[in-house]
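Listed below are the structures to be examined.
Here come two complexes built around chain A, the first alongside chain B, the second alongside chain C.
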Partner chain A sequence: MNQLNAVVNHNYPEIIRFAAFVAIISAILTFCTIAVIFVNRVIKKRRQKIQKMADEAILETLGERIFIYDSVSDISEKELSKTLSILDVLKNKNKIFRKSMIRLLVYFQTNLTGSVGRIVNATYSRLKLRQFSLKKLQSPLWFLKTQGLTEVQRMKDVMSLLEVYKLVNDKNQDVRVASYIALVRLRARDCFEVMSKEREELSEWQQMMLVEGIFNTIGLTIPSFKTFLRSENRSLVLLGIKLIVDYRQLDAIQELLAVINAQDDFIRLRIIEALGALNAEEAESSLRNRYQLEPVKNKAAILISLGLIASGNSVDFIRQKFMEAEDFLIIKSAAAAITSHPPVVAYEVKNELQEEHAVQKGLINHFTEALN
Partner chain B sequence: MDTLSIWISLIFEQAIFYYSVLIMFSYLTLVILSVIEIRKYNLRCWYINHSALLNSQHVPGISVIAPAFNESGTVINGVHTLLSLNYPKYEVIIVNDGSTDDTLQKLIDEYELAESSYYYHEEIKTQPVKGIYKSKNPVYSKLIVIDKHNGKSKADASNAGINASSYPLFLCTDMDCILHKDTLIKMVRPFVEEKTRVIATGSVIRISNSCEVENGYLKKVKVPNKFLPLFQELEYIRAFLLGRMAWSKINGLMLVSGGIGLFDKEVVLSAGGYDHKSFGEDMELIGRMRVWMEDHKEKYLVTYIPESLCWTEVPSSLRIFARQRTRWTKGLAQTLWIHRKVFFNPKYKVFGLLTFPYWVFFEWLAPLIEAGGIIFYIYLAITGQITWIYALILLAFVYSFSVMITIMAILWDEVAGMKYEKKREVFKLCLAAIVEPFVYHPLVLFFSLRGNFYFFSNRKLNWGEMTRIGFKKKKVAID
Partner chain C sequence: MKNKVLIVDHELLINKLLESRLTKEGFKVDKALDGISALRKAQLKKYDIILADIMVPNIAGLELIAELKKTRHNSETPIFVLTALASDELVVDVLEAGVKDYIVKPFSLNVVVAKLKQFILSDLTAA
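On to the complex of A and B.
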């Protein structure tokens, strides 16, 4: 005790006093952290329990009172009022119940179509749950905004379009992308126009989410994505190329050829790949002419694309590159292109190979074997 | 002699104290950075819709590479797990690294393999490949088995896998590792999410020693029961969730573990692949990739995700543990020596000015300084020069701080996603954290010293074999 007093009363060197102070603070923090770990566990467990109860109660009500009907008109007003009042009680029980109800209705709306989907939608509206989604859209937190946007678009809540439009200029890019997806899903007329105004570069991930959103919206009027190819935002150009390929927009081939002189190696690579995927025969000569100007990766892509087009007009060109190239990637791509043609082409090329063409021979065997 | 004694006293009484304070400060910084990074990751998980990736034609393809040496007991389940991963575009490459048991035959029988004319292009030099097998059954069309001569290291086998891979990204793992079914979809995220080029990503590795496993799938996660695995679990939580997440936050990560790492193949090939002579080939590769990117003035990121996606069995016997730790330390010293030009070199930015010096001073040098301190302590005790109350306060200072850091790591693990179902398992971990500095740390210190001794004396160190006892008794090469 005397020693401790000595520490406290500043009789010890500063280093020792500092060490004692840190030791005490560390010990206190250790105990606090342990307490937080276990309290957090208890709270989480309790929350899970309530969540389970909420899910069960809501599912039971939906299953017994809503999903048994084929359409909203089949439910009598009296019955509907009674069901809604039961769900309303559940909704107002606590926050967990409300969240659970929104989550389940959104889930059913996403996964069920037709009349049941309409019943779910009507239930959502009459329980006034959309106001909670709209509240999220006004939150200062980006992740709540995106969550709200997801709910709005999955519930096909066209009434909220105005609120969604407010977020297309949000400073957070994830919110903006989520709002573009929401506009697409809600089939807003100018959804692509709004999207094309994005100034910041979109990540590959965001592009994929947009493609998925567009591709999975039924009844959406699809424009020609060639307009995206002239965008100053390179990521929008890349997005446009993806969409052109996915929707096989053959009318965009000329536009692709017009922008193939782009400065960016990566954009040119994607254009070359797109031309191959679209089997653009009219692009063959242009691709052959570009070959010498391109870096190795793009040269390989040109050969692959010519192989995919497989019109027969580029066989000599591919064969020449196959025999003369020294870079393995080029030889491999040329071999893949040769074997994409009718089998006779590969057979003829194989017959031409000499002993010194061991790599070429190996690659032709590789690509012609069914197991590979 | 008096002057020398004064200098030694000064070093150990003042300089080492400030050195310790600096280490502690760095740990505190790591704690703060890691929680920021974990929170950021968790928030994005709310928003991310994985089905967009799973259904996309535009995802980058991944080659999963798993070397196998005498894995007869686990290879079938292991391959089965790898073939069941959730991802739209991937292949599985098993490299039979000259197994002396029936590993290859088991694969041939189970997966209906036949030797194919698959063209093997040796971009990175490896031991000769004897044959490449593919399945006659279209269900296993993703599977490629390479049979090669033993290269006496995992690096050589991994390089063979890289040579045979056909996708732009590859995931390196071990045959005995149990991967989460969403491993690829989660690990590819940084590659498609970041606007700067990501060259490597790792994730948290956990210990499977006491976990319940069925047909290669993890049924129940449990805290290890045995002495060594239990403390290694703590060490892994601390290293992965505090250290690596924090370094990832400032793009200073220098190690992506061999158990699970997703790499950009183009950069790996440009950097020359794994160094088969290195005892820390995973760390050495990241170092070389970073040097290559910086030398070519390209922007890049090395990232980490705080999710536990890989479970592996760790040594539970002291003999194997000793060999593993000795090898790790030797590997660390080797890597630091190979890349010594990076040390405080502003050209290498965070890597040269922060990460590399951190590893030199606080990872490699710390055990040497600690050992020196203990010897000096004993000398002072024998000569009666210790003020015991000071010594106790200093001991409490170091001890309480280290326990606090470990407990915080356990909390971060809970925040990142509760792995253990029962409270008593977490309690067990907390108790282990309290005794760790006295019962486990001395072992780690001793083997670190041994590793340094092996490095400085250039003594030969074999990779050796290890008996894994978790699920089935068998002999395998240690990772």
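On to the complex of A and C.
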């Protein structure tokens, strides 16, 4: 302050006074920044220390009083009350302890099955921790909502379904996807119907999370995913195709053929691949007819799919593309398709090859005798 | 004398969970969080059972099993694999590598304990 007064009172040129003012303000700001960083670090360290203490105390209690039992019936009501009162004291100690308890119980519930898993679940309910998960669902912050949704679905809290439904129209897409996953995990009857109403494009990551949720939910009623193929949402169509293939829904082949004229190259590529993966013999002529209309990548996929179907009806078609094509990807895919048929097909094609077909010959050799 | 178990898992909480339960069941437990520390421990001490997740840092999978079997003290020690990976091929490969049993995560704590106890019991009977 004295320095500032000195500069102000002396008759220094304007520019020097301004520079001194800026320098002093900068020094003050730098000091403030360092102070804030220091205080934040101290707070973080303190929080980490409390977190560690909380983890240790809760783990010790769980280890000594919960994980030791073979079944729920092994615990007497008196003992259970005592355990719950110990955990209740820990839970009410402070926010960090409570959060730590929820995190640990959710973690063990996710990683444990059998009676210990059930005991962990009962502990979560009896300690009334679900109300904190439900509170997160009502938070204005998207990440707290998704965290709450994860907790609810991992603790298999079917009672919270109504709260989950409220989030399926949330303005944040991550929250919506987390709510679809929660509905799937909680085996809500209309989970797929709700999901099919999604308007925004789902990222590949979100699709993967949904697929993971669907695959890992035991006892889920799987619908026919052909309804997804008519969606206006491109990502839902792609998700539907993937699920049709993974669940081998052969009844969806006709629907796949009906939408094979889709505008989007990538959707058509996925449909072509799906028809091959489903060994759809009835799709062969459609695939051959589409060949000329498709870009190179899709042409290659058509050849591979015809190879996977390997009915024998498309051998001449594949052979012709193999001999005439100039694009390496097409020749390679045709070679793969030929070698997917019984060995006699590759043998016959090999015999037809002339000297100028060195690339074709090399590829057939590669696919038939990959190790040589 | 207490049976000695080496638990190899990169997840600290799983390690602690198994430790608390197995200690209560009368086992003497050592823990390792990665492949290298597991090998170090296996080179220094003989264990009665190794309970290992094969997806751990540094050395993992079939290589970890092979390396554990090369150690002087534990070449004959039965290994129980505990992992989240459950592909048919992997299960076959792991069992062919000489692993005693394959337990998939999420797992039942009681089943793990029962399998280890059963093994100790059958080993004693055979002896």
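Operating definition for what follows: the second predicted complex is superposed on the first by the 323 of 372 C-alpha atoms of A that agree within 3 Å, B and C clash if a C-alpha of one lies under 4 Å from a C-alpha of the other, contacts with A are read in each partner's own complex, and residues count from 1 in each chain.
Please note the rule applied: contacts are C-beta pairs under 8 Å (C-beta built on N, C-alpha and C of every residue); 3 or more make two chains touch, one makes a residue touch a chain.
Computed from a predicted structure; not experimentally measured.
Asker: Thinking of the overlay built on chain A, is A:246 touched by chain B (first), by chain C (second), by both, or by neither?
Answerer: A:246: touches chain B, not chain C.
Asker: Answer with first, second, both or neither: which of chain B and chain C does A:328 touch in the superposed model?
Answerer: The first partner, chain B, only.
Asker: After the superposition on A, what does A:33 contact: first (chain B), second (chain C), both or neither?
Answerer: After superposing on A, A:33 lies in contact with chain B but is clear of chain C.
Asker: Which partner, once the models are overlaid, touches more of chain A's residues, chain C or chain B?
Answerer: B
Asker: Would you sort A:19 into first (chain B), second (chain C), both or neither based on which partner it touches?
Answerer: first
Asker: State whether A:86 touches chain B only (first), chain C only (second), both chains, or neither.
Answerer: In the superposition, A:86 contacts neither chain B nor chain C.
Asker: Going by the contact rule set out at the top, does A:64 touch chain B (first), chain C (second), both, or neither?
Answerer: After superposition on chain A, A:64 lies in contact with chain C alone.
Asker: A:209 in the overlay: touching chain B, chain C, both, or neither? Say first, second, both or neither.
Answerer: first
Asker: If we overlay the two complexes on their shared chain A, which of chain B and chain C does A:259 touch? Say first, second, both or neither.
Answerer: The answer is neither, since A:259 touches no partner chain.
Asker: Overlap the chain B and chain C contact sets on chain A and report the shared residues.
Answerer: Shared contact residues on chain A: none.
Asker: Which of the residues in chain A come into contact with chain C in the complex?
Answerer: On the chain A side, the touching residues are 59, 62-64, 67-68, 70-71, 104, 107-108, 110-117.
Asker: Using the touch definition from the top, list the residues of chain A that touch chain B in their complex.
Answerer: Its residues touching chain B are 3, 7, 12-13, 15-16, 19-20, 22-24, 26-27, 29-30, 33-34, 36-38, 40-41, 44, 143, 146-147, 150, 174, 178, 201, 203-205, 207-209, 211-213, 242, 246, 328, 332, 359, 362-363, 365-366, 369, 371-372.
Asker: If you look only at chain B, which of its residues touch chain A in the complex?
Answerer: Those in contact with chain A are residues 14, 17, 24, 43-44, 46-49, 51-53, 55-59, 114, 116-119, 121, 123, 134-136, 189, 191-195, 389-390, 393-394, 396-397, 399-401, 403-404, 407-408, 410-411, 414, 418, 423, 426-427, 430.
Asker: If you look only at chain C, which of its residues touch chain A in the complex?
Answerer: Result: residues 11, 13-14, 16-17, 19-21, 24, 105-111 of chain C touch chain A.
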